[in-house]
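In what follows, chain A forms one complex with chain B and a second complex with chain C.
Then we have the complex of A and B:
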């Protein structure tokens, strides 16, 4: 009998897998994090944090959420059990986005106002290093092996490749105007950079740090200025790249092998950042003007739900 | 730490300067300038036809499109408009109504954007005046300084106040777009399925 129960429990797992997750969204104008239950897609609580929260990152074990509170000039640490801000980490001026090193300790923070990337030890709560980069640093992408961190600077229009061992910039790559996000392919051979004003993606090789391809977008009936690529996420098999296109209110689906734009999916207004569900069946998008979260069914390729969150939702992460 | 940072920055600068896009001095907002809201950004297929030809649609647009109308009021008016209509009428009239609010919203948005550009040019002139007064102040003999100092103070204060107003004004096109999106979703929701 107990054996049958265990079996039943195991059988139930795949069903529950996608749904047992927790979704967290930062609300830029509400100074809060909305926490949603993945099963019901309902907000279950709101956590007050520092001012103008944008970039959010989960610790490796999922116990803590690091929140870049730009106008408070610090990174708040939210305990994902008690849902309280338990600590503040130092940063530079106006932290916007952060990425965690695979060692789980070094948090790389892009500070929009002082042209610095700060490296923060999340356990000791101290700044280990400050790395000068271009003007208005934003995008932060760590290579899967942790050897490199790519930072994009919005005004300098460059991707800066930083060697995490020495903390030195080893390559500066010109990309489209106002680069916002850097994302490494899981194989570590290349990374993608999105450019909000340029309206393009650049694919850069880690062999020689050269741009190997550019991807552009066009949508009939939408002015080209409204097509503003920002957030990106891979499908679970990394065969597809999803790209948030800002006030074009679309998520583009790019085939990674051919670099062709396969689909344009209508979501909420000013779609900024994306996160894949733990089981890879859904894509969550934050929509800063319609103040909601769109839930995209990846197999059906359509929005199945829109969930109201706070004012100006910006970042999104999923805790399995 | 200080010196290496400066050295590294200097290394970056020549390339950085070359990479700057041509700035638009009349556009002071952090949001990228977008000339108009496209129909396809909010509506799945191109809604066509002249919305002013239908008196009911024209009345609805006149009620919900003016700038002071709150989204909640507009959404209620859309529901009231759609409620008595059969499926065929909804299929015909709701896209027309969307076309109407889209055109009206874009018109209001244009006016706001013109105003923002005028402010931005005024700010540019004001900044020039503050700089002139500062130069004059440095060169002036002591008896003339008090009056110059006062003029500089007021010019700088006007500039700072207008900067705050500009930041607020930059949010107006975003709010108009947000309200239009809410209207579009309500009209979509009232469309017959299938």
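Then we have the complex of A and C:
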């Protein structure tokens, strides 16, 4: 029956992207990466890595996953075909989060207990530079053109803008307390910083490095102190910003143009980091206390699945 | 002049740190450093009842040094520099001369690990702004409050309220209160009585502990302690929890596991309400615990944490007010804009009615974090943190 076939084809189409993809989650307390199949949303394998894996980054071609193994003081390179750790990269002490330059070679690593950003050449496996930043560096956001990398320091409460050409800090911007994550808009004109304890987002302009707007959150029945913005991700058209609110167990949906908080979506406990599916229809969230991954249907604006992963899931990336 | 024993090696270290700080990028590059005083009275104490955790000789000041370092790192980016002047008095009469010497050198902000009476004397010195890290006395937050005296450590009322909230949530509502003979023990017990009333708990037996714990370390000492604990708890009316008030850490641990009825121990030992504990690792606390251990070679105690927090409080006020002028920094502490992060999942700020830093209180066991108060469900108009300790309507402070 042609009609049924068409219907099936229509049903299959929007799911195709999500179905083909692979989801990777770092488990902070398990020293492992859980690999999930995007079609079935089932864990297909667990890759053992170094101790206390948190930040994870995929190479541009998707062949390698870079894993910040904080307690092992190194970055592990996982081959996403053989699912083996094929190399260790030097990272400086206690790497927490990293960002890969568009050149595919320079990995910018935040060394949480050393007040440094370490620049690592992932091909040669050598440290190119160490850049002193504030206390407890964490957030790492590369501008789309690769010209700037923004690091946030949690106890200094600043966003440090590093010129990737000179390797020098060119601006320091005070933001709300305990900044955790920096995310550039795809147009490269502005970036967002989430402040966990301040409970706010700061929007910073790349023209003059000034805070142009702040966004706060309130949820009826949830103590103000429990609203702790951490991970962020844009919708595919960059019109919406998703913000993980930590122990508030919710993801906020912020309209980027009006900066209004449009929705609060209930997910698992202590939601930490976010990743968009390749086709932009789903948002994956790591929930550190409930040890699962929530799957948010963006069209429906609700959680459709909750998938158990390892202990204290932290980072999440999607390989198309 | 009284003999002062500064922490000599570290005084040099602080000076070296200052000199080595690379030039900043900010506007205030040429501004003089903000000099912060650290004044502690450390009277040599007898051996504690337990040798498992001997009180470190550098307790407190190690936290201040870490706080200074955190401030210095931040200051590189704002062009601000900080210096710590450490003074340690070993007798009460050395305290005021040491303070006057620091004030004479132009210092204004002084982190004070002093008992309440000396703290009040110190606060009477013109120009001094004190950050209290050693005296939990409720009187200092009420009838004896001072405008120039900020309290970084929680009051006894905050601690006992935190415990009482947890007991109320667990529905462990009847208490046996055992208070030691020390003045601090008596005040702790008084705070516990008030907390019990406030949160609907009932003290069914209120009994002084008078036994000398000295026998514990002798051979068969455990037998005499066990016999004493059994005598002490025999014939008590039915109760849920034994609350001990033993601030000197002499005998509180002698009751756990030895009571006639099988009951948990809480208070100054057992399940303990505290501003900090080595067992705490949430909200990034792991990072602070590690940084501290790397520097000091031991775990961070509540006093170390209070000292670290006092330095960070000053540093945060300096950075946000763009000033290293002590007067401007003190003004910013009082302003509604002030907030500081303390690794307990909430922003901390000073209550404008009594200069007390509002903060979550940990409920810690010896090896694990049991809970954090305020407990969910204790509501407050403005901040749930204000369900702990003297709230605005109750305060007896008239100075702030």
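The definition used in the following text is that the second predicted complex is superposed on the first by the 305 of 320 C-alpha atoms of A that agree within 3 Å, B and C clash if a C-alpha of one lies under 4 Å from a C-alpha of the other, contacts with A are read in each partner's own complex, and residues count from 1 in each chain.
Note that in this section contacts are C-beta pairs under 8 Å (C-beta built on N, C-alpha and C of every residue); 3 or more make two chains touch, one makes a residue touch a chain.
Just so we're clear, the structure is a prediction, and the values are computed from it rather than from any experiment.
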item: Combined model on chain A where chain B meets chain C, clash or fit; value: clash
item: Contact breadth on chain A, by residue count: chain C or chain B; value: B
item: Touched partner set for A:155, first chain B, second chain C, both or neither; value: both
item: Chain B versus chain C as contact partner of A:219, first or second or both or neither; value: first
item: Touched partner set for A:112, first chain B, second chain C, both or neither; value: second
item: First, second, both or neither for A:269, with chain B first and chain C second; value: first
item: Partner chain(s) touched by A:177 [first = chain B, second = chain C, both, neither]; value: both
item: First, second, both or neither for A:126, with chain B first and chain C second; value: neither
item: First (chain B), second (chain C), both or neither touched by A:136; value: second
item: Which of chain B and chain C A:301 touches, first, second, both or neither; value: neither
item: Chain B versus chain C as contact partner of A:238, first or second or both or neither; value: neither
item: Residues of chain A contacting chain B in one complex and chain C in the other; value: 115, 132, 134-135, 155-158, 169, 172, 174, 177-178, 197, 223, 225-226, 228, 247
item: Complex contacts: residues of chain A adjacent to chain C; value: 112-113, 115, 132, 134-136, 153-158, 160, 169, 172, 174, 177-178, 197-199, 223-226, 228, 247
item: Residues on chain B engaged by chain A in the complex (per definition of touch); value: 1, 5, 8-9, 12, 15-16, 19-21, 32-42, 44, 46, 174, 177-178, 181-182, 185
item: Touching residues on chain A, where the partner in the complex is chain B; value: 115, 130, 132-135, 155-158, 169, 172, 174, 177-178, 196-197, 219-223, 225-226, 228, 247-249, 266, 268-270, 289-291, 306
item: Complex interface listing, chain C residues touching chain A; value: 22, 25-26, 70, 73-74, 76-78, 284, 287, 290-291, 294, 312, 316, 319-320, 339-341, 345-347, 360, 376, 383-385
